[in-house]
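Structure first, commentary second.
We call the chains A, B and C, going by the order they appear; numbering starts again at 1 in every chain.
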C-alpha cells in the first residue's frame, strides 16, 4: 500500500444549491445499518450520492421502487427506505418492467452490478433499453464479482488478476455504455464514484429523464480487485478509479486528472459524463383501448 | 367478490382461449409472456383482450423475464399471469422459487409438450408433472392444477388465481397440448367468485411485510401505496430483511408449507366416478382422465366393476383421497403420458392397501380409452 | 522582453474552457500578424482547480509568461479568479470577468457562494490602481443562445475591445478552433460578448454570513468501518484513524465544511454540521422507523 495523498476534488463547475440539505440518512433503514459491504467499498459512496439526488429532486419516498438483482451492488436496495425488491441474479430490469407497466406512477430505479447487469442479465438490460421503459438503471461497475469472492467479471480488464484468473484475465473487458448506446438507451451516462457531486448531478439528470436512463457508476472493490492487483484498499482504489476519469473528450474540456499514480494493471481511461441523450416515445405496454403501443 | 362474465352462455372455444377468458374473469390485468408452441394462443388472445379490461400485456425477451415481469406487476398490485410450455417452463423455475419464497401471487400456465429438451413441440405430454412440483431448488410449496376439458381450463384458471391470491403463492396450471388446442362447447357461467389478496389494515401503524396472520398468510401491500418494505428471495425475517439465522429461516420455510398444508380442503379437488362398488380404479388426470372415464364406462358395460379417481389438483397430492380409494379397491391403475411420475405418489398414498399398476405412454401418443379398456379387462381376467 | 509587446491573462477553473479560449486569442493575434507566445498553468488542476493561461504578443516575443503588473487585460471566467490574478494587470489596465461564482472545494466555509471565504463582488475593488472592471454575464448570454458551453466565447467578445485587432481575425480563429458544428453559436456568442452591457452584479445577501466557527464533524462510530478514506481526503487533516481503527477528530478547529469526508464515506458514518447547528446538537437521525 503506497502512502499517497488522495487528490480527489468534486466537480464544482456547476453550482450545487445545498442550503437546505436534508440528512440523507433519513432515507436509510436505520435498523438495518451498518450495511453489509466491505470497508472502503465505493458502493456506499454511490448510494449516498443517489440519496442526495433523490433529496434534491424532492422525489416522493413512497413512490420510489428500487429493484435489484444479486451481488454487492444489489444489496444496496435493502438499506434504503423505499419499496425495494431484491430479485434474482441479473433479472432486475425484467422485474422492474412489470412493476413499471403495472404502476406507471412509480419512480422505478434498478440497481445492478457489472456481473449482474452485463453477464447473466445482459439480455434483460438491453431489451429494457430498447423498449425505452421509463426507469433509471444504476450499474455499479467494480470490475469483478465481489460477493462471490473476486472472480473475473465481464468488465475485468485484460491482464487483471481475479480468483478465476490467477495469471491475469485473458478476456477483453466490456464497455457497458457502448452496449447500452447500441441497444438504443435514450439516456446513457458514466460517472465515477470518486466524484460524488458529479454523481449526484448525473443521477438527478437520469432520474428526470423521460424513458430509459442508464448510468454506469465506476465503483471499486478494494477487498478483491484492490488486493489481488496490489492496488491497495479503499483510499487507493478510489484514486485508481479517479485517474481513469477522462471526462468527455473534446477541445472544450481539459484533462481532468493529471496526477497519475502508477497502478497495476494500468488504469484504462474512459469517458465520463452524459454520452447519449435522446427523447423518444416511452414504452407503456399494450394497454390503450385501441390496443396500440404508446 | 363476484365478477360478472361479459358474454356468458354456450360457446365453442379453444382450451388456450378458455384460459384467457378464465384469467380475465378472475380479474387478471397483467400478462407477460414469450411465444412458445403450444401455448402461443394465450399470448395472442391476451394482447387483444388485456387492453379492453384496462390491463397490460407485454411480450418479454424470454421466459425468465416473462415470469419476472409478472412478479413485478403482482408486487405492484396486479393480478398477473404468464403461459409457456416445457422449455420455457424450465427457464421459469428460477422465478417459481422466487415467487414461492417472496410469497408473490401469480399464475403460470404450462401447456405441456413432449420433452426432454425441445422434444416434440406439437405433441402432447404429461412429462412436466414432477418438474411442476420439484423443478426449482429448495423446499417450497407448490399448487398445481390439471384440467381435463376446455370448460375445466376456464374453471381451474379462476381457481388458480383465487388460490394464488388466497395463499400468496405461485400457482401452476398444467395441461397438455391436446386440451390447449381442443375446441369444444363450454357453458360459461354468469359470474365467478373471485378472491383477492388480503391487504394490511389501514389503521395498522407498524407494517411488516412478512408478519403472518394465524392463517400463515401475511397481508400484502402493493408497492407505491405508502408502505415501504423490502422483498427478497433470500431467507428473511418478518421484516422481509435477509437473515442468516437458521431458526428464522426454518420457521419461514415451514410456514410457507404450513399455510397451504393447513388448508388442503380449499386446494384439493378430486373427481370420483363409480368408485362405490369398484374393484379396480383408474387414477388419471388431464386428457388421460377423459380416456379413463370412457374406458371405465365401457368396462362397466362388460360387467367389470371399474371406477375413476381423477385429481384436478396434482399438487399438493391428494394423498387422503387416494388412500380412501385404495381401501375400497383391489387395484389402482395409474395412467399417465409419461414414464411414471405420479405413480410413485399413488403407491405412497395406497400404502399397500391396493395393488398399484401403471399404464404409461411417452413419445407423443395419447393414452386411448381402448388401451385402458384392455388394461381393465386384463386385470379383471387375472382376478377372475 | 521587448518593449512593444503586450500581455494578456486568462483565468478560470478546470472545465470552463480557458485553454480553448486562449488558443483562440493566440490564433487571432497570429492572423493579425503578431508574434504570439502562449503558455498555460494547469499542472495540478483537477476539475474545479484554478487554470491560468498567459498570452504575449508583439513584433517579436521572447518569453510566453506575462510579468506581474504588465498585462493589458485579465479575462477571468470566475470572480474569485479575477481577484486571484489581478496583480498581473498593469495600472490603468482592465479586468473582464464573468459574474459566475464557483466556490473551490475544500477552501471555504460552505459550498455555496457568499460564504465568508468567498469574495463579494465589488465594482471598484481595483480602482486604486485605476483598473477598469467589466462584469459580463457570460453564462446567461450563452444560455440565451442555446448552449451554456459557449460562455467562453462571450468572454472572448468582451475581451476583444482591449486587444485591438480586426474582427475578421477573431471570426476566423473561432471558426477554425471550436468543435465542429458549434461554429455558428460560438460566433454569435462572441458578438454577444462584444456588445454585452455591463452586467448587473449579484447583490450580496442582506446580512452576509458571519464566521461562526468551525463546522462540527459528527461521527457515527458504530457505522464506521475504519476504511481510512476520510483521513486521506480531508484537505485540512482534521481526521485520523487511531491504531485500533477508531476514527478521531484531531483538528476540529480546522474544518471548513467542505464535506469531502461526508460525501466520500461509504458507510454514512460522517455528518458535517454547520456551526450554527452544531450548537444545539440535534439527534443525528430523524429517520422513520418501519
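To be clear about the criterion, a residue touches a chain if its C-beta (ideal position, glycine included) is under 8 Å from a C-beta of that chain, and two chains touch if they have at least 3 such contacts.
Owing to the predicted nature of the structure, the values given are computational and were not obtained by experimental measurement.
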With centres defined as the mean of Cα atoms, the chain at greatest distance from subunit C is chain B
Per-chain Cα centroid nearest the overall protein Cα centroid belongs to chain A
Dist(centroid_CA(subunit A), centroid_CA(subunit C)) in Å evaluates to 29
Per the C-alpha centroid definition, the whole-Å distance linking subunit A and subunit B comes out as 40
Separation of the C-alpha centres, subunit B versus subunit C, in whole Å, is 68
Note: subunit B residues in touch with at least two other chains are 228-229, 239
Going by residue number, subunit C touches two or more other chains at 289-290
Residue ranges of subunit A touching at least 2 other chains are 29, 31, 81
Listed in rising order, subunit A residues that touch subunit B in their complex are 29, 31-32, 61-63, 65, 67, 77-78, 81-88, 91, 93-103, 105-106, 123-124, 127, 284-291
Interface with subunit C, subunit A side, in the complex: residues 5-13, 15-19, 23-31, 33-35, 37-45, 48-49, 81, 194-198, 222, 233-235, 238, 247, 250-254, 256-259
In their shared complex, subunit A is touched by residues of subunit B numbered 29-30, 32, 47-48, 50-52, 54-58, 60-62, 64-66, 68-78, 80, 94-95, 98, 222-234, 239, 241-242
Given the complex, residues on subunit C that touch subunit A span 13-20, 42-49, 51, 101-106, 111-113, 149, 177-179, 222-223, 225-229, 232-233, 260, 263-269, 271, 284-290
